[in-house]
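This structure is in structure tokens; I'll ask about it shortly.
Each chain gets a letter, A, B and C, in the order it is written, and its residues are counted from 1.
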Amino acid sequence: MTTTIEQASTHPRAESMAFARAALGRIGRYVFLGFVIVFFALPVLWLVTAPFDRAPALRLSFPSFTLRNFETLLDNPYALRSLGNSLIISLGTMALVLILAALASYALSRVRIPGRDTLLYMLLLLSSIVTGTAAMVPTFVLITELRLIDTHLAVVLVMAGGLLPAAIFILKDFMDNTPKSYEESARVYGASPLQILRHVVVPIARPGLATIAVWSVVQVWGNFLVPFILLRSPENFPAAVIMFTFYTEGGQPNLALISAFSLLFSIPVVLLYLFVSRRYGFRFYGGIKS
Amino acid sequence: MPTTSPTELQPQGPTSPGGPLRRRGTADDAAGLGRSRASAFVAPALVMIGIFLVFPALWTLYLGVTNWRLTGAAAADPEFVGLDNYLDALTDDRFLNSLYLTVIFVFFSAIAGQMVIGFTIAWVLRLSSKRIRPAVEMLVLIAWILPASVIAWLWLALLDRRSGTLNTILGTEGTAWLLEYPMQSIIAFNIFNGTAFSMLLFGAALASIPPSQLETARMVGAGTWATLRDVVFPNIRGHVLTVMLLVTLWTFNVFTPFLLTAGGPNQQTEILPVFIYRLALQAGELGKGAAFSLIMILINLVIALVYLRVLRERRT
Amino acid sequence: MRTFRSRALAAAVLAPLLVVTACGDDDEAPADEGADDQEEPDDGEDEPAEAATLTISKNSIRGGKSTEEAEFIEDWIIPEFESRMAEEGVDVTVNFEGSGADDEDYKTALALDLSTGAGADVFAIDGIWVGEFAEAGYIQPLNQIYDGVDDWDGWSQINEAVQQNMSFNGERYGIPGGTDGRVIYFNKELFAQAGLPEDWQPTSWEELLDAGRALAELDGVIPIQLNAGTPMGEATTMQGVLPMLAGAGARIWEEDSGWQGASEPVQQVLDLYYTIYVEEGLGDPLLQQEAAGRDNSFLQFSEGQIGMLLEGDYLWRSVISPDSDLAPMENRDEVIGWAKIPAIEPGAGVDGQDFVSMSGGGGTVLNPNTEHPELAWELLTFMESEEALLERHAEQPRITARDDVNAQLIDDPLISYIAEEVLPITFYRPGFETYPQVSVALQEATAAAADGTTAADAAADYQATLEGIVGADNVAN
């Protein structure tokens, strides 16, 4: 890799300086990477030690290994069910967001509908108020009027409504970056726009769709407020809500339950990410451009 | 000194179709959608957004001019109070303080933190080996995909006063990080939580720089800074602005630090989303909460407009 | 809040929406289950009585927060009630809607439900929420919901003062679930080391501080932990400000003058905080600010690192009891002593009292919109019956609302002490809708004082906040 530098710098002093600089640069790189690794790995260690600790506390320790915390968790009637609920809600939201965002972003990318630019920037602005707490009350009343209180559908609809603007915005840039020649040929062979979208565009935009899929699942998976406000029966609570019930009477967190549950709660999203990242590549490539 | 890239003036190569504002006409309509069908494609999403996002938001607008509360007499019979809530905000020390804290929080955690670190990671990883790169990326991404409540516990364990990991490692036993350095703690926390997004976007941006330009810079012996300044930044300025906008807006609205400090101690970490949450839902002051939310949205709007302005100036 | 706005809009947009979303959602609407139940045919019984469904809601959940309460309702109350009603020929299904969230979040969810006319038929609320819920029209006097309420024989078993806790403007809104009292707990071993008597009972704040000064001589011991700051929430108000304020001779709200502003008693209380946490360093000010500070104070107290702790009977029966999983103390009965909270000087407390305390507690109310008021009342009285309370508290005695139950249940020295010695000198919080906000203002004032703000400055800030909450006219001069 140094050949170009050698060619360019014929002067011996310049050569050694370039060498020193390269060496320094490399050291700096490793120091930086080391720092990054420590910063991002250190907090996560607790997640892999505490669940197996006999007496989990807010510290890092080599656990005296036990699976008892998980047994306690299995005794909890809502723990596992809540993970199932989280799955239903987040996959439902994901499906809705993906389908609607793909349709919309494709159309916005290919056709200049009047007011498109204003619309896109309105969407971008809206994407930042997903979690608006003040709007929670109107949202609640709306869902009540739709008679959807205590249904997963309510959470799916509200979450999807909140996530769609950002999803469309990000996906549109993916769509912009997919080549159009295939669509043209498909059209020549008489395919309908919906068929073209399904069989030509979606396969090409798959990494983008996969990224949006992971992104929306992640957003829903950890959300406490929306399901808490809209659901009533503990049987319907997702994991994010159930996690906040692992307290004893005095409000003392039950670390045995919390640590074990944290691990179970985290595994699905990590697996999903790994799967998507292997299969499609987790990239905003093509990325958001301006 | 190294060349100024001639391609700087045409930001994207011929293969990239460009951003939302540039394209004119329907020349790209390769699949023959047509306006009406395209509108039909967009409609379902807009209906969803309209009902479940815009409609509650507009309602919030109306709430903002009432004294509605969640409980008490004002819940049964809310009164129209005009702009009182908004005027209150301008004189409310707690609101102004919260706004100030939010600016600090956004600047240090989003711009100086997530963006700079995210870019540096992307820049360094660009040259890293096939084994290091996915490993580091995965670590950073895990910090982003883990559920907020889990991450909050991880950081509570890290920063715990008695036996927290950080105190054990640094030998600073008894340091109550969340109380003595509350703002610094939530800034670090938010950098941990959100850097992944910047890293990914900058990674994509760096990949879009024509390799020939980097090659040229290397051939003339340009140092890292010179390369960044003369080749990289001119190429990705659009990305930088977009990342900055998204990350700023998201950080402005981030609520997760509440799980760490609950806005305390003594409101030292009461950033706007936390303040509004406490005001609207915990204290039940829905009218005021709605008004303050609107102010927050307006600030977001201003940020977005400034961004658009800068973007447009760059083009002309 | 009026909702017609949304109705029209919702109707207009709902139809196309459902078509659009049908493909994207694999969700079974759980609401259908309830509908199925109602359609079930009668099993050939003579009476065509329609099956009624009642719902109970409390902030407890099996396997989580207050699991015993949730288990008791699901495993005993519901089956017993259903079978007894079945014997009388009434077909009723009772559901339990547990929550287990933060109390504030539970309250938000309740208020949202009630504001739309929904919500459980029978639900639990804290005594201090009664005023704000009543003012909002979310709850109504019990005898307006069902006629036969005043005839219940249980009322005669519930002390008038305890009933006040679930009353508002002289009307009963719910049946109180029990009460409590606060004392100063102290560690006898530490006291012995500091040369203090085992049967210690301070008669003034100065004696309280003197004991703290003596304990300060010991290594690694926090002499006094007096709850302060907002992270402790209501614990700061109930185990800190209000008992001390009562000891300084003032109620937070007086019938004829209004709310206490930056009055002398308030300044005396804040000065006490300043003395303990700043001037003399007798308490750990950081502990008060930690998110889990109260729990950590329990833990440190049980480990002999805190000398004196002002707490309710909850500490004794649920936290440091030998079978607790929070901060169990095997030798609790030998090591822990307790004393009444003294007035600032003998006779200087409210009503000229020498000693004071504060009490609180929640209760259970009826939803004004219940479809089956009579059945709901039947269920509520069953839940608060002598039989049910004896069953519920047999293993872990506490002070229930009912005298007949207390007489049979309580054999614990501290619980008896509180029932006999403390309840007669105790005070309750005012059940006004603004109280929770005033409480927060008081917590903020203590946080400031414990952080080094002088009592006068902290009190002045508090007064300004208070005026913003209740209006300057309602602040006592």
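Observations, loosely collected:
To be clear about the criterion, contacts are C-beta pairs under 8 Å (C-beta built on N, C-alpha and C of every residue); 3 or more make two chains touch, one makes a residue touch a chain.
Small disclaimer: the values here were computed from a predicted structure and weren't measured.
Averaging Cα atoms per chain gives one point for each, and the point farthest from that of subunit B is the centre of C.
Of the two chain pairs shown, B-C and A-C, the one joined by more C-beta contacts is A-C.
With each centre defined as the average position of its C-alpha atoms, the distance from subunit A to subunit B rounds to 14 Å. Taking each chain's centre as the mean of its C-alpha atoms, subunit A lies 39 Å from subunit C.
Subunit A has residues 96, 100, 137-138, 141-142, 157, 160, 244 in contact with two or more other chains. Listed for subunit C are residues 1, 6, 10, 17, 20-21, 105, 108, 112, 115, each touching two or more other chains. Across the assembly, subunit B contributes residues 44, 48, 51, 55, 59, 70, 156, 162, 281 that each touch 2 or more other chains.
Residue ranges of subunit C in contact with subunit B, taken from their complex: 1, 5-6, 9-10, 13, 16-17, 20-21, 104-105, 107-108, 111-112, 115, 129, 131-133, 135-138, 229-231, 286, 289-291, 296, 433-434, 436-437, 440, 444, 447-448, 451. Of all residues in subunit A, only 4-5, 7-9, 14, 18, 21, 25, 29, 32-33, 36-37, 39-47, 50, 57-60, 96, 100-101, 103-104, 106-113, 116-117, 120-121, 123-139, 141-142, 157-158, 160-162, 164-165, 168, 172-173, 176-177, 179-181, 183-184, 186-187, 193, 196-197, 200-201, 214, 218, 221-222, 224, 239-240, 243-244, 258-259, 262, 265-266, 269-270, 273-274, 277, 282-290 touch subunit B in the complex they form. Only residues 1, 3, 6-7, 10, 14, 17, 20-21, 23-31, 57, 61-66, 95, 97-102, 105, 108-109, 112-113, 115-116, 118, 292, 294-295, 298, 314, 318-319, 325-326 of subunit C touch subunit A when the two sit together in their complex.
Within the complex formed with subunit C, the residues of subunit B that make contact are 44, 47-48, 50-51, 55, 59, 68-73, 75-76, 78, 156, 161-162, 176, 178-180, 261-262, 264-266, 281-284.
Within the complex formed with subunit A, the subunit B residues making contact are 12, 15-21, 23-26, 28-35, 37-39, 41-42, 44-46, 48-49, 51-57, 59-60, 63, 70, 117, 120-121, 124, 127-128, 132, 136, 138-151, 153-158, 160, 162-166, 168-169, 192, 200-201, 203-205, 207-208, 215, 218-221, 223-224, 238-239, 241-243, 245-246, 249-250, 252-253, 255, 273, 276-277, 280-281, 286, 289-290, 292-293, 297, 300-301, 304, 308, 311.
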